[in-house]
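There are two complexes below, and they share chain A, which is joined by chain B in the first and by chain C in the second.
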Partner chain A sequence: MGRKNSGAALFLMPSVLLLLVFFIFPIILTFCFAFTNMALTGAAAQSLEFVGFRNFINMFQDPDFRISVWRTLVFLIFSAVIGQVALGFILALLMKEKNVTFRRILGIIVIAAWVTPEIVVAFCMVSFFSDNGSLNQIISWIGLKPVSWLFSFPMVSVIIANIWHGTAFSMMVYQSALDEIPKDVEEAAVIDGATGFQILRHITIPMVKGSIVTNMMLVTLQTLGVFTLIYTMTGGGPGTSTQTLPVFMYNQAFVNYQFGYGTAISLVLLFIGIVASLSYMKSLKIKM
Partner chain B sequence: MKQGKKGKVILAATMASLLVLTTACSSGKSNSSDGKQNVTITFRSSGSEDTLTKYFKSGLVEEFQKQNPDIKVNIAPILASEGDYTSKIVLQLKSADTAPDIVAEDTSIIKSDAAAGYLSALDSQVGGWADWKDHIIENLKAGVTGEDGKIYGIPATTDTRGIWYNKELLAEAGIAVPFKPASWAEVLEAARTIKAKFPDVTPLNLIVGKSSGEGVTMQTLEMLLYGTNDTLYNDSTKKWVVNSPGLLDSFKFINQVFNVDKTGTSLQVALNGQAGSIAFQQLFPQGKLAMAVDGSWAGSTWFENGAAPIANVQDKMGFAPFPTQNGQAPGATTMSGGWAWSIPEKSKNKEAAWKFMQFLMNRDNATARVIAEGALSPRNDSTEVTGYTDRTFIAEAQEMVNTAHFRPANDQYATVSAQLQSIVESIATGKLTPEDAVKQFKDGVTRALGADSVEEK
Partner chain C sequence: MVNHRFHRNIQYAILVFLGICFLAPLLWIVFAAFDLNARQGIKLPTPFSLDNFSAVLGDSGNIRSFGVGILLSGGQALLVVVVSMLAAYPLSRYEMKFKKSFLLSILFMTSLPITAVMVPVFQMFLYFKLQNSIFATMLFLTASSLPYGIWMMKNFMDSVPIDLEESAWIDGTSVWGGLRRIVAPLMLPGIATIAIFTFSGSWGNFFVPYILLQTPEKLPASVTIYQFFGSHGMVEYGRLAAFSLLYTMPSVVLYIFSQRYMSKGFSMGGATKG
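Showing the complex of A and B:
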C-alpha cells in the first residue's frame, strides 16, 4: 500500500511541481504585487514600494472601474447565462432524438464556431458587423438602411459574437446529459397525461440540473475572462461601451504601465469568479 | 529494475537537453567568437517593407564595420505596434540577457524609461562630440533630457503638427489661400464657412477618439493648450496643472467644433481607431474633408509611393501652422515628438554602441534616414544635403520646429495622457460639458498621482 502510494506520488510529482511553479506561485505573486506601486516604466519601476490598499481604494473611487464592473455583468448575463446556457439547452433539446444525419449536420455547424480560435472568431464577426459587412448586405436586401453595428450597438455586437462562439460547448454538455435520461421515465409521464412542457419542467430539467449548474459555472468563468474577442472587435469602445474588466485591466497594466493597479483589478476579477462559482456550487448541493 | 534504469536514463537525457535548450535561449553575448565586439540595435519595424530596416540594410552597417573592423553590428527590429513596442522594449531592458546595445526610444517614453533606470546617461559622451553642440537643434534637446537634467538619448527624427487643408475647397469657399489663421476664432470661422458652402464636406478633423491613443493628447489637446497662456505641467513647481483657464478654453474649443458648430468629423469616423487613415487616405483625396489638425508626416500619404497618391499634391493641399488662442506671440504653436537613440543601462558594449550611434547621427546618415521616413531632421545642417528640403511640405514643417513645445518632462505622463484621452472623447461625444471635464480631469489625476503632484491656476 505504502509502496503504491509512493509510486503514485512519484508520478504526480511533475504535474504538482508544474502547478506550483506556473499556477500557485504566480497567483501568490499577483496577490503581493496588487499591494505595490509596481510599474513597467517610470521611477516606480526602479523602487517597488508597498502601498497598502491604495490600489483598491483608487479602484473603487474610479468611475471607469465601476462602469467596467457593470459592463462585465451585462456581458456575462446576456452572453453567458441567457445566451450560451439557454440557447445551448434549447438546441440540445430540439436535436434530441432527431434524425442522426440532421443532428450531425447541425452539430457540425454549431461546433465549427466553437473550435474556431477566438481571434479568428473576432475577425469573422468584425467583417460580419462592419459597415460594408455581411449583416448590412443582408438587411439591404429587404430595403433597410445600413447600420454601423460596432459603433451604434457595440455591446450587442460583442454579446452576439460571444454567443455564436461559445454556445456549442453548452449544447454538447446538455446533449450528453439529455441522452442519459432513461426513456421509461418520460414514457411514464406521457402515459400519466403530462404535456410536453410539463415533462420538460418537472422531469427533464430536474434530471439534468447537475449538468446545468456545472455548465453555468464553466461558461461563467470562461466569459469573465473574455479579452481577445472584445479587444479585437471594439477595443473596449467606443468610449467605454464595451470596456469589461479584462480590457480595463489590460489598459491599466500595459497601456498606462501601472502593473500594481492592473494586478489589483485582476484580483477583483478572480474574486468575482470565485463568488460566482461558490454560489453555483451551493445551489448544486442544496437542490440535488 | 531494468525499466527503472532506462527511465532514469531518459530522465537524465531530457534534463540535459532542456539545459542545452535554455542555454541556447539566453542571448546577448557581449562578444562574438571571433573576438569582435557585438552591438545589437533594436527599433520598431512595421513589417517586411519597413523603411528603417531597409535603411540599415542599404550598406550602412557594412560601411561602419569596414571602418571599425573590431565591431559587429546586429540589426534586431521588433515587429509591433507603437504601444506594444514600448511594453516589449521595457521588458527587454529589464534584463542584461535581453537588453540591446542601442535602442530606439519614443521621446514620449524616454523620460519614463530614464527614471526607471533602464537607460544610461550620455552626458560624458555628448560632451566629447562636437556635433551635439553645433548641429543638433537646441530646442529638441529638452525632449531627450531626463527629470534629473541628464541626457538620455540623441534625437534621431522629429515632427511637428499643424493644419492640413484642401486648397481648392478653401479657395472656393472664399477663404484666403495659403491659409494662415491668426487665432482659434479664425479656424472656427473657416470651418463654419466651409459647412455653409459645402454641406457634404467635413470642415475640420480633430483626433478625439480614445482608440487613437496618444494622438488625442498630442495632436488635439496639447496643440490647443500650448497655444493658450497655460501648460499641462509646471516645470518650476514640478506639478501637473489640473485646472486652468487655458485648459477650460481648450475643452470649449473641442465642444464648439463637435457639439455647437457641428463642424467636426462624424463621430463614427472620429471614434474609429483608424480615424487618421480614413481622413488622409479617403476623405481628403475624395474632396470630402477641408481641414485636419495632424502631424507633419501625414501628408506623405499623398506622395507617389504613399497609400493614396495625389498628382501635383503641392497645388491641391497645404500645411498651415496652428495659431495660438488669440494670436499671442509667437503667433503659432506646435508640438514636437519623434524618436531618439539611447544606450540601455544593461548594454554590455556601451563604448562600441556610442561609436555606432555617432556614425548613425553624422550629417549624411542622419539625413538619409529622415528623408527615407518622411520625417524632420534633428540636425540643423540637414538642409545642406540634397533631397532634404525639396520634399513637398518639408519647408513648412521644418519652420514650425522653432515654435515647438515638448510633452511634459515627467514620468507620470502616460497616466495623465490616458485620462485626457478619455475626457476629450467624452467632450466630443457630448457626454461631458467643458466645465465638468475640467472637474473630472482634476479628480482623476489627483486620485491617480496624489494631491501633492497637482496644482490649479
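Showing the complex of A and C:
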C-alpha cells in the first residue's frame, strides 16, 4: 500500500505542479490583487498598496460596470439560453426521422460554423452584418432598406454571431439524447391518440431533461467567458454598447492599465463562474 | 395523413431556412477567398483566382505564424496527453484517500472560464519575466486544458480491463512498462481524441497568445490574422478570406479525423476473452 501511494504521487506530480503554478496560483493572485491599487502607469505604478474594498466600492458605483453586468446577462440569456440551447433543440428535434442525406448536409453546415475558429467567425459575421454585406443583400431582395447592423443593433449582431458559432454543440448533445429514447414509448403514445405536441411535452422533453440541464450549464459557462468574438467584431463598441464583463475587464487592465481594478472585475467573473460551475456539477449527479 | 405530410413539409421548410442562415456567412468567406475583387457581400468569384492564396502564402511572416501556431498547439497537445495520462493512471487503478476530492476538483476546474484569470496570469508572467516566451505560454495553455484532459483520460482508462496488465505484471513487466506497452496502445482512440481537441482548441485560441506574447515573430496564426484584419482587413477582403480559410483548414481536418476515431470507439471489449 505504501509503495503504491508513493508511486501514485510520482504519477500525479507533473499535473499537480502545472495546475498549482499556472491555474491555482493565478486564482489566488486574483483574490490578492483585487484588493490592491496595482497599475502600470501613474502614481500607483510606483507604490503597490493594499486598498481594502476600494476597487469593489468603485466598481459598484461605476455605471460602466453595472451596465456591463447587465449586458453580460443579456448576452448570456439571448445567445446561450434562448439562442443555442433552444435553437439546438429545435434543430435536433426537426432533423429526427428526416431524409438521411438531408440530415447529413444540414449537419455539416451547422457543424462547420462550430468548427470554424472564433476569430474567423468574427470576420464572417462582420462582413455578413456590414453595410454592403450579405444580410443587407438578402433584405433588399424582399424590398427592405439596408440597415447598419453593427452600429444600430450591435448587441443583436454579436448575439447572433455567438448563436451561429455555438449552436452545433447543443444540437449534437440533443441528437444523441433523442436517439436514446426508445421508439416504442412514442409509438405507444401515438396509438393512445396523443398529438405531436403532447408527445413532445409529456414524453420527449421529460426524457431528455437531464441533457437539457447539463447542456444549458455548459453553454452558459462557455458564453460567460466569450471575449474574442465580441472584441474582434465590435471591440466592445460602438461606444460601450457591447462591452460585456470580459471586454470591460480587458479594457480596464490592458487599455487603461488599471490592473487592480481589472482584477477586481476578474474576481466577479470568477465568482459567477464558480457558482455556475458548482451548479453544473450538481446537475451531473456523478457517481464515483 | 394529409395533415401529417403538411406538418412534415413545414418542418423541412424551417430546416431549409435555418440551413441557409447558417450557410450564408460561410459561403461569403469561401467565395471571397477565390475572388480578387471580393467585397463585403456574397458574389460568385469572377474571375476565379488563386492569387489571394499565393499572396498570403508568399508572405514569410504568415508562414512563420502558422509554424508558431503548430509549435504552440502541438507542444501543448503532446504535454497534455503525456501529463494527463500519467495522472489518469493512479486515478483509474489505485485506491487512494483523496481520489474523490481530487477528481471533483478536476471536474470543477474544467468548467471555470479561463478568461477570468488572464489579468493575474499576465501579472505573473510580467513578474517572473516570462512574458513573450512561447514555452511559458505553452505551459500555461497546457495547465488550462489539463483538467479536461485528466478527466477524459481517466474515463478512457477505466474502460481498459485491468486483467491484461495483471498478466503482464506476472510476466515481469513493471507498472510503467504496463502503462506504456499495454494501456496506452489500447486507448489510442481516446488519446487521439484528447490530442485533437486540445490542439484545435488552442489553434483557435486568440486571447491567451494575444495577452502573453508580444513580438510579431512569436505570434501564432490566430493573432497574426487578427493584426492582418486590423491593418488590411477593411480593404483586402479576398486576402483576409484566403488567410482565414487556410487558418481554418487544420481545425476542419482534425475534426474529421476525430470523428473517425470516435466512431471506431473501443474494440477492446473482447481482448481478454480471445
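FYI, the second predicted complex is superposed on the first by the 264 of 288 C-alpha atoms of A that agree within 3 Å, B and C clash if a C-alpha of one lies under 4 Å from a C-alpha of the other, contacts with A are read in each partner's own complex, and residues count from 1 in each chain.
Just so we're on the same page, contacts are C-beta pairs under 8 Å (C-beta built on N, C-alpha and C of every residue); 3 or more make two chains touch, one makes a residue touch a chain.
Just so we're clear, the structure is a prediction, and the values are computed from it rather than from any experiment.
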What's your read, chain B or chain C touching more residues of chain A? C
Is A:Thr214 touching the first partner chain B, the second partner chain C, both, or neither of them? neither
Output check: A:Ile27 vs chain B and chain C. Expected answer is one of first, second, both, neither. What do you get? second
Which of the two partners, first being chain B and second being chain C, lies in contact with A:Val120: first, second, both, or neither? second
Touch test for A:Phe254: chain B only (first), chain C only (second), both, or neither? both
Touch test for A:Ser283: chain B only (first), chain C only (second), both, or neither? neither
Just to be sure I read the superposition right, which of the two partners does A:Ser148 touch: chain B = first, chain C = second, or both, or neither? first
On chain A, positions contacted by chain B and by chain C: 254
Name, in rising order, each residue of chain C that touches chain A in their complex. 7, 11-12, 14-15, 18-19, 21-26, 28-29, 32, 39-42, 82-84, 86-87, 89-91, 94, 96, 99-100, 102-104, 107-109, 111-124, 139-140, 142-144, 146-147, 150, 175, 200, 203-204, 206-207, 211, 222, 225-226, 229, 233, 237, 240-241, 244, 247-248, 251-252, 255
Can you list the residues on chain B that touch chain A in the complex? 83, 86-87, 90-91, 109, 112-113, 115-118, 209-211, 213, 267-268, 271-273, 411-412, 414-415, 418, 422, 425-426, 429, 431, 444, 447-448
Okay, in this complex, where on chain A does chain B touch? 39-46, 58, 61-62, 64, 148, 151, 235, 237-240, 251, 254-258
Residue numbers of chain A touching chain C in their complex, please. 4-5, 7-8, 11-12, 14-16, 18-19, 21-23, 25-27, 29-30, 33, 38, 87, 90-91, 94-95, 98, 102, 105-106, 109-113, 115-120, 123-125, 127-128, 130-138, 164, 196, 217-218, 221-222, 224-228, 232, 246, 249-250, 253-254, 259, 262-263, 266-267, 269-270, 273-274, 276-278, 280-281, 284, 286, 288
